[in-house]
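Each of the next two complexes has chain A plus one more chain, namely chain B in the first and chain C in the second.
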Partner chain A sequence: MRSLRRFLADRAALLGTVLILLLVLAAVLAPVLAPYPSDVFDFHTANRLRPPSDAHWLGTDRMGSDILSRLLFGARITIAIAVIAVGTAVVIGVPIGLVAGFYGGWPGDILMRVSDVFLAVPQIVLAIAIAQTLGPSIENVILALSLTYWPFWARLVYAETRSLKNEVFVESAIALGASPLRVMVMHVLPNIASAIIVRTSIGMGATILTAAALGFLGLGAPSPTPEWGRMIAESREFLPDAWWYATAPGIAIFLVVMGFNLLGDGLRDILDPRIRRGAAGKA
Partner chain B sequence: MRRFEIILTRLLWLVPTVVGLVVIVFAIANVVPTDPVRIIAGENANPEQIEALRVKLGYDKPLYVQLLRYFADLLHGEMGTSLYSQRPIIDDLTSRLPATLELTLAAILLAVALGIPLGVVSALRRNSLLDHGLRVVTVSGLAIASFWLAMELQFLFAMKLAIAPLNGRIAGFGPDTVTGLFIVDCLLSWDIESLGSAMRHLALPALTLALPAAATIVRFTRAGVLEVINSSSVLYQSAMGLPRPIIVWKYVLRSALISTVTQIGLIFGVLLSGAVVVEAVFDWPGLGTFAVQSILQSDHKAIMGFTIWAGCMFVLINLAVDVLQTVIDPRSTR
Partner chain C sequence: MSTKALVLAAALAAALLPATASAQGKYVHANNSNYDTLDPHAVFDVGRAATRINMYDGLYRWVDNPPKQIPWLAESHEISPDGLTWTFKLRKDVKFHDGTLMTADDVVYSMERILAVKRGVGGLLGPMVAPGNTKALDAGTVQFKLSEPSALFGALVADIAVVNSKLVKRNEKDGDWGQAWLAKNEAGTGSYKLKRYDPAIGFIAERFKDHFYPWGPKYFDEIEFRTVLETNTRILGLIKGDYHGLDGYLTPDAIDRLRAAPGVQVIEEESMRVFQVSFNNQRPPLDDVNLRKALSYAFDYDAIINDIMKGTVIRNPTIIPNNMWGAPKDVKGYTYDLEKAKEYLAKVKQPIRPLAMGTLAGFSDTEQVAAILQNGARKIGVEIKLESAPWGVVSSRTQNDDQMYDIVGYPKSTFYADPNNWLGELFGSRYIPTRNVARYRNPEVDKRIEKAMLATTPQAERQRLNEEAARIVFDDAPGIWVYNTKWFGPYSAKVGGVRFSPIGNGQEMRWAYFK
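And then the complex of A and B:
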């Protein structure tokens, strides 16, 4: 209860939550909110590249489609990519880190070395290699992001588990005869959950940025999918005249990523007192 | 002695890391169901020609033989031919490295020059209007898609205000190559006109890349300074009558920078990733543009080469950061 009150008092975290709720709302209600729902796939070339007006609040794109409508449907793709990719990475990374940290020894070493190899290259570089090889599609972008993102969670959980392993409550659980699986799931995992939650929030933001970059490079879904990164890429040749074309998806990405980052910062302040002390009274 | 040991261990780890990276990249390239020989042979090749080519290129051998062969080729610096430039991939990668290095170095310098003073000031004036303002800017800086920022900067400064060039690295021919970094080469040959052109071309891409990096540095410097400034050593120094600026900029900053330096390895990764898309937007003739061109051409070999090359660079930089850290913070060698 006290945590909740502190969270509500943190205006930045609250703003983050609102931004994420808006994204979810846009995705769920896209067919209702969009003024021209059919414009995701339809085009009206007579109407192309119109600046913002009463009929088209955010203007129209190179096909004459309503940018606002496409943006709203694009929110679905953004959420799908972020949730599935980060979710998969968590599902792969957390058990690996947990097992490697709990048992240690050479199996743990090998698991961590493998994740080190993945971490040895910037994520987007490896994701480009994977997505390019598999061919451009949303599924492959998700696959590329999950495959390159799990080591971040494995590393985090590994470090946390190792430091918890020698705590008295873990030792006593083992002494009472609890199975290793039970100790890991019932005693270790709840104690590192907050670190995982904080990372997940910030990781969602990072993943949305990487996914948009892949879309921008032409590795995401093919046209006319209303993916935000791809929309920005398509708008490039129409600068400087069609200034509104890139503006809307760019700001959409910015607000969503900001939402997850602010939420992550706020959650960290509440859930992780050690880091809070480390940051010495962050404003 | 301890420092030497650490460096040696890290250097030894470099080998399995790079080997592992090559295996991963190779595995990725081979899970795809497409037949590379068919693509190379072209559409008009008949089955006999394809089989002959398969034997000639070694694709008939088991995967591990192909992998070993790829390793052997790599050791000789052989990565295949780029479909984009029709030159050996390794030549493209080496000749494009200086451009990317110049861009990322400029971005790091800019980020440090902006980030450290702002971080210190932000910590000293904690909860002031300036601090809150900077917090908004840093949080925003980390949330902007770099390719979008690049386009908006192009729109504003190159297209509307026309005070910066739209893209490219220099007007006309570059200076005589000594280091490959145009700014340094211009200075060496004292070619002021080219120097100005190179710097104007560098400004927008470097700024785009520097913004998220600067944001990270501000945050870490701020946290570092806040942690140190309340310590008893600072209280002692004030009690001894040392002037405040000397305490802050000499003693506090030194301890505060330890966490910032650790971040620079990470930041370099962020910059390297950012460079891929930012270079593509500004047509900067570096590794990123090469990667993007190779994507457009579906050039697997070039992408593999780029990935391995970027991985090696990244590993080496992290090694350098570790070494630097043992110099700044002797505690870490214990």
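And then the complex of A and C:
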């Protein structure tokens, strides 16, 4: 309860949570909220490039579709990419880090050197290479992101596991005859969960940003999918005259990424008592 | 939409070049096609025409609008009464860029090279002239013996780019006709001489003082054609003064913006450029005429012409431009009619998989036409997936049966003023796959096109044959024909003397200058 109260007192974290809730709400209720749900695919070329008005709150795009409607449906794609890509990265990265950190020795070295190799290549470049080779589609973007993201979790879990391994409660569990798997899952993992959760929240924001970049470069979902990055790519030809066209998806990406980052910071404050921002003294 | 990593490369490349407009008399052109090769015999399109017309010369040259040929490397020619033997008298004062004099041997070598590498203009000349049938009668006379009395040969001599045979021969490797070397180097007589070339950036060429054709009082000392795939970068670059000229492929939205910008002029010319969409007629399911017709009826022509192109273009119901002889005037054209589209779709027996459609990165018109077709097709239950790539990539893919898209759309420009430029090249079986990327084959059409191509056929008959063939092609719907467009050439207001010809689209820079 104390944690919750502290979390609620942290305005930034609260703002982050609200932004993410809004994103989820937009995604779930897109068919209800969107003024023109069919505009995800439908064109009304006679109405193209209209500035924001009562009929179209965020204006219309190059094919005359309502930008607000497309934005709302785009939230679904954004969430899907972020959740699946980060989820996969966690599923790959955490066991690798856990095993490497727990056993150490040469198997641990090999696993960590492999993740070092992945980390050495700039992520976006690697993702572009993968997505380009496999062809543009949402699935391939998710795959590219998962394949490039897992080392972050592997590194984190590895470091945390190594330090926990020498803790008394781990040693006693081993002495009592617990199997390595049991020690890793029942004793180590719960104690590093908070670090993983914080990293995941911040990772979500980074993933959304990278996915939008890939969409912008034409490597994401093919047209006419209302993917936010793609919407910005399509709009750049009409800048600066049709300013609303790029602004709407741009602000959407900005708010969502900021939301995840603020939430991540807030969670770290609560879950990790060692690091506390500003409010540390008062707590 | 567009681009992929190439845009990054191009942007990076552009950033590495020194700031432009500093050198006195240097013209910088931002082009939306990449110059992947300099070989004048390897490519034959408008997008990459600047290399051929500025650094190389042909026997004649197309200028002005409507296009006419003026004597160039050749002073005159004679045709035998049977139309088979063409004899050209060459100028004697033509120097290559390395100083050697051009002779008939260079013309013979160039012609044999065109026929041997079978790319570019070779696809058109190949069926007309057999290898070994070009002879140098003396240093200043060259003779072509044609396999058929083609009416088109005369229109194509402008595209027999003459290369320095001694220089190219020195750089041949394993009998490759110097293809590897000429892709990156230049061996011409043209008005400009290559200074620097990078396939990722473009090329820079300097004025060739000794060019045989007298220079005017004003000219550019240097020209640079730079690849800039990003449309907005090209537009902003012209407005800012970094570039002095752009491609003539911009959409009305962009043209409106440029017209309103200070220091920019937009030159408007009649042209014959038909926007066409080619189906892959040999690969299922588009080998079925009913599916092709269904898609022809599922395309919203008005949306493109009136809304997106803002009425700057006119509907062209067949592949032959309305303003060209041979276009059947009575054909009304397919209309946007989803009911009819569904009727035809119901007749398709085979399963319909998602179709892949290629669009050209940096050519907004191709992307918007594709989006409209995709939208219409979706309404009748046919899925189309769009893939965007630079023109060089799209062009190579159309040449390969396995890599060819199911659908690809781009404007068909003018290379010579004859209906064959559109109808024959796109739907005559002799041009599969070089120009006939639809891989359309119909003996009834072939018969008429082949006869219409002969110089021995009277003009009235040629017109009738073209009209008949165009009607048959229309009924088979091997593609969609959308509109005929004007050319809007955006240039800096400082540039004067732009000599536009629909053939080459105003990219020959020797006539232009800074005011």
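Points worth noting:
Please note the rule applied: the second predicted complex is superposed on the first by the 276 of 283 C-alpha atoms of A that agree within 3 Å, B and C clash if a C-alpha of one lies under 4 Å from a C-alpha of the other, contacts with A are read in each partner's own complex, and residues count from 1 in each chain.
The rule is short, and it goes like this: a contact is a pair of C-beta atoms (placed from the backbone, for glycine too) under 8 Å apart; a residue touches a chain by one contact, two chains touch by 3 or more.
What you are looking at is a predicted structure, and each value in this text was computed from that prediction instead of being measured.
Once chain A of one complex is fitted onto chain A of the other, the partner contacts of A:L14 are absent, as it touches neither chain B nor chain C. When the shared chain is aligned, chain B and chain C each come close enough to touch A:L217. With both structures placed on the common chain, the touch criterion links A:M63 to chain C but leaves chain B unconnected. Residue contacts after overlaying the shared chain place A:L209 against chain B, while chain C stays out of touching range.
Of the two partner chains placed by the overlay, neither chain B nor chain C lies in contact with A:L33. The wider contact with chain A, measured as residues touched, comes from B rather than the other of chain B and chain C.
By the document's definition of touching, both partners, chain B and chain C, reach A:R236. By the touch criterion defined above, A:I128 lies against chain B and chain C together after alignment on the C-alpha atoms of chain A. In the overlay built on the shared chain, the residue A:F254 is in contact with chain B alone; chain C does not reach it. In the three-chain superposition model, chain A touches both chain B and chain C at residues 128, 132, 135, 217-219, 233, 236, 239.
Contact residues on chain B toward chain A in their complex (touch as defined above): 16-18, 20-21, 24-25, 28-29, 31-32, 126-127, 131-132, 135, 139-140, 142-148, 151-152, 154-155, 159-160, 223, 226-227, 230, 269-270, 272-273, 276-277, 280-281, 291-292, 294-296, 298, 300, 303-304, 306-307, 310-311, 314-315, 318. Of all residues in chain A, those touching chain B in their complex are 12, 113-114, 116-118, 120-126, 128-130, 132-135, 205, 209-210, 212-213, 216-219, 229, 232-233, 235-236, 239-240, 243, 246-247, 249-250, 253-255, 257-258, 261-262, 265, 278-283. Residues of chain C touching chain A in their complex: 1-5, 7-8, 230-232, 253-254, 257, 300, 303-304, 306-308, 361, 364, 367-368, 370-372, 374-375, 378, 385-388.
Across the interface of their complex, chain C is touched by residues 41-43, 45-46, 48-49, 62-64, 128, 132, 135-136, 217-219, 222-224, 230, 233-234, 236-239, 241 of chain A.
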